[in-house]
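Shared between the two complexes below is chain A, which pairs with chain B and chain C, respectively.
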Partner chain A sequence: METTMSFAVEPLNDETVIVRIGKALDFRNAADFKTACQDQVRDGMRNFILDFSETGILDSTGLGSIFSLYRQVSPLEGQVVFAAVSRPVQVVVQLTRTYKVFRQFPSVEAAREALS
Partner chain B sequence: MTFGEYQFRDLDAVIDGVHALFEQWQQEIGPHPVLDEIALEQTKLAVHEWIANLVQHAEFGDREPEISLAVVPNGCAFECAIKDNSEGFDLHEHLLGKSIEEAFPERGMGLLIMQACTNNLRYSRLEGGGHHLEFIVSAGSDPWVNIPF
Partner chain C sequence: MGEYSILVVEDEHTLRRLLEYRLGKQYSVRTAANGDEALDRVAEGIPDLIISDIMMPKMDGFALQASLQEQKNTRAVPFIFLTAKADEHSRLKGMRTGVDDYITKPFDIEQLLSRIERLLERTKIFQTQLDARIGQDFSQKLMPKNLPRVEGYRAFFHNTPREHGGGDLFDWSEAWPGNYLFTIGDVMGKGLQAKFYAFSFLSYVRGTLHAMSRATRSPAELMKRVNQLLMEDQVMEETFASLLLMRWEPSRNLITYSNAGHCRPILVTPERTEVVSESDLILGLDPNADFTDETLELPPNSALIFYTDGLLEQQLRTGEMVGEKGLIGAASSALGRPDPINSVLNSILQKSISPNFEDDILVFWLEREG
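And then the complex of A and B:
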C-alpha cells in the first residue's frame, strides 16, 4: 500500500486502484488528491474505487478534484465509483445529483467485485 | 445543548474547530422529533463552504482574523450566523444570475451549494467593520445544485 500525504492508495490489479479518502477531501487536500490520482493514471490505472467510509468532509473543491479525475479516466474508458459512502458525503452526492455519474456501492468489496 | 456562538481566531484551525462543534451537536440532537440530521449536515456544509471561502480568499489586512459562528435550532430549522472582521466580498456579484456552464467543473460550486442549501441568505457589512452572513436551513427539503454533466 502506498500512502500519500493524505490518502492511502491500494492497487487491486493493473487497471484498478482503491483510494482511501480518509477524514476529509476538501480545499485543504484536494490538490494532493489530484496529484496522487494523476500519478496513478500515469502508471496505467483506469478504474478508481473511492472509499468514503471514514469521510466526514467532502466540499465543493474536493468534489471538483473528483470531477478532474473523472475527466481524465473517462476518455480511457475508465470508471470512478464511490464505496461505503458516509452521510456527509451522501448529502453532497444528493445535492449535486452526482449519483447519476458515479456508481455507488455499499462497500469496497462490493465495488471491487463489480469492477473485476 | 451547546448550540450557541463560538469564536475562532486561527485560520489554520477553524475548519477542524467548526467540524468538531458540529460533531458535538449531531450527538446532542440524536433522534429528534422535528430537527433532522440531514438538515444539520446541510447546515454544516454551507458553513464549511463559507469559512473555506474566508480562509482562502478573505483579506484581513493587519488585523488578527476573527470569525464567529452561531447556530441555533428554531422549530424545524437551523438559524445560522457567521461574522468575520475581513474586508468582505461582493457576494451578489458572485451569486446573482450565476450558473455553471462547464461540464464537470473544478471550481465555482461552493457558493452555489450554499445558495441551494439555505433560505434567507443575507450578507451585510457590520457597523464598526466586519461582515455578517445569515441563513436558515430547513428540515425536510431536498435542495439541488444544477451542475452540468
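And then the complex of A and C:
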C-alpha cells in the first residue's frame, strides 16, 4: 500500500533545506522521512532545518531516522538543526542528550538566518 | 502492512485482463502469458501468491510450478492452478506437486477471491507466529536468568516484552572479583529487527568488556570503545542505542556508571527520591563522543532504579505520560516493600488509561538494606 504521509520540503538555498516534520515522526512514517531526506542529499543538500513547531510525537524510530540523516551529512560538513522544538520533542532531545549534536533555534526564522 | 502482490499466469488474453481487473481492486497484480514470462516476473520480485493456468505455450503451469519448487525462496509461495475443464488427472497431478488450491474453469470470481483471501491469511498467520517465536527467543536471550546475590542487598528484575516491542537489553556479570558490571540498554527501532540488533549489540558490549576488563574498570572507557565499534561496523551502521554501563562494588556500597543517553536512574532514599542526572550522548552518532564516569555511594535503606523508556511513556488518565516525575512518585513508596518493582508498576497502572503497559517494560531495582 502506498503510504500517503509525505514531508513538505522547502529549499532555502542550494545546500540548505527546511523540512516540516508535521504532527508526528514515528515508526509509521520514519521510512518516508528517510527517503525524502536521502533524495535531498542526492540533490546536493547538506544542511537541514527541521521544523518541529507542530510535532506532538517523536518516537525512537523517528529519532533514529534523524540520526541516519545526521550520519549522512556530517561527513559532508553538513548540519542538522532543530527549529521551534515543541515540548514533547524537547523531552526526547533531553533524554537522549542529542542537544549536544543538533543545534536548536527558537524559530525556523532564527535557524534560517543562522544557516544562510 | 503493504498490499499483497499476486502474479496471474494465463495465456488467454481476455481472461488474463479480467483477472487483472477484478483482483486489481484488492491486490497489486502483475501478469504473464506463460511460464517463461512468469519466471521473469518472479525474478523481478517474489509475489505473495501465484494463480496459474495449466495449459500454456512455451512453459506450462506444471513446469512453472516445478521450477519454483526448486528454489528455496519461491518454494513457499502459495500457488493456485486454474484449468479449462474438470480434468481429474491434472488435478491429482497438481495436488501431488504441492499446489495449494485448484480451481476449474469456468469459475466463479467470488469463489476465487475467497480462496485467495484464505490462502494469504494462512500464510500471514504462519509468518506472524514464526516472528513471535523468534522474537520471544531473542527476548529471552537479551534478559538475565538470575541476579547476583550479595549480603546486605536486595536485587529485583522485571521484564515484559511486547510482541512488537523494541530492542531492550539487560545483562550483568561479575566482571572483576567483587565488582559487578550491569548493562542496560535500548536499541532503536521496533519488532524483530530491533531485537536482532539488540542481540548483536549486546555481543559487542560483552566482547568489549572481555577484551578490556584487564586494562580498565571504567564504564566510561568501555562505553567509548563500544561507541567506536558501533560506528565502525558496516552492518550496524543504522543502529543507535542508549546504554547505561554500571559497576557495582557492594563491599564499599559504590556505584560507578556511565550513561549514554539512556533513561536516567532514580535514587530512592528514606528522605527523598531523585533523578541521577549525569548523562552523555546516545551511541552511534559521534565517533569521538566522550563519556564520563559518575560515582555515588548508596546509603543504607536506599535503592537505585534502572529502566527503559516504555515505563516513562505509559499514558496516564491526566493526559500526560508517566515521565520521570510519575516514576519518582511511584518509587518513593516502594522502598523496602517485599516486591518493590511490582509495587511501582501497580502504582503506575492505577493511574493509567490502559490496564496494561503498552510498550516493553524493563526495570531493575538494586536496594541496600538498612
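One rule holds in what follows: the second predicted complex is superposed on the first by the 111 of 116 C-alpha atoms of A that agree within 3 Å, B and C clash if a C-alpha of one lies under 4 Å from a C-alpha of the other, contacts with A are read in each partner's own complex, and residues count from 1 in each chain.
In this text, a residue touches a chain if its C-beta (ideal position, glycine included) is under 8 Å from a C-beta of that chain, and two chains touch if they have at least 3 such contacts.
As the structure is a prediction and not an experimental result, all values here were calculated from the model.
> Do chain B and chain C fit side by side on chain A in the superposed arrangement, or is it a clash?
Verdict on chain A: clash between chain B and chain C.
> Look at A:Gly78 in the shared chain and tell me whether it touches chain B only, chain C only, both, or neither; answer first, second, both or neither.
Neither chain B nor chain C is touched by A:Gly78.
> In the overlaid three-chain picture, which partner chain does A:Arg87 touch, first (chain B) or second (chain C), both, or neither?
Only chain B is touched by A:Arg87; chain C is not.
> Touch test for A:Leu95: chain B only (first), chain C only (second), both, or neither?
A:Leu95 sits against chain B and chain C alike.
> Output check: A:Phe67 vs chain B and chain C. Expected answer is one of first, second, both, neither. What do you get?
Touch partners of A:Phe67: chain B and chain C.
> Which partner does A:Ile57 contact after superposing on A: first (chain B), second (chain C), both, neither?
first
> Just to be sure I read the superposition right, which of the two partners does A:Phe27 touch: chain B = first, chain C = second, or both, or neither?
Both partners.
> I'd like to know which partner A:Pro11 touches here: chain B for first, chain C for second, both or neither.
In the superposition, A:Pro11 touches no partner, neither chain B nor chain C.
> If you count the residues of chain A that each partner touches, which comes out higher, chain B or chain C?
Counting contacted residues of chain A, the larger count belongs to B.
> Hey, what residues of chain A end up touching chain B and chain C alike?
Comparing the two interfaces on chain A, one with chain B and one with chain C, the shared residues are 27, 60-61, 63-64, 67-68, 70-71, 91, 95-98, 100-101.
> Over in the complex, which chain C residues touch chain A? Could you list them?
Interface residues on the chain C side: 1-3, 166, 186, 188-190, 237-238, 240, 242, 260-261, 263-264, 279-282, 284-286, 309, 323.
> What part of chain A is in contact with chain B in the complex they form?
26-28, 56-57, 59-61, 63-65, 67-68, 70-71, 87-88, 91-92, 94-98, 100-101
> Per the contact definition, I'd like the list of chain A residues that touch chain C in the complex.
1, 27, 60-61, 63-64, 67-68, 70-71, 91, 95-98, 100-101
> Which residues of chain B touch chain A once you look at their complex with the stated criterion?
Those residues of chain B that touch chain A are 15, 19, 23, 37-38, 41-42, 44-45, 48-49, 52, 55-56, 104-107, 109-110, 113, 116-117, 142-145, 147, 149.
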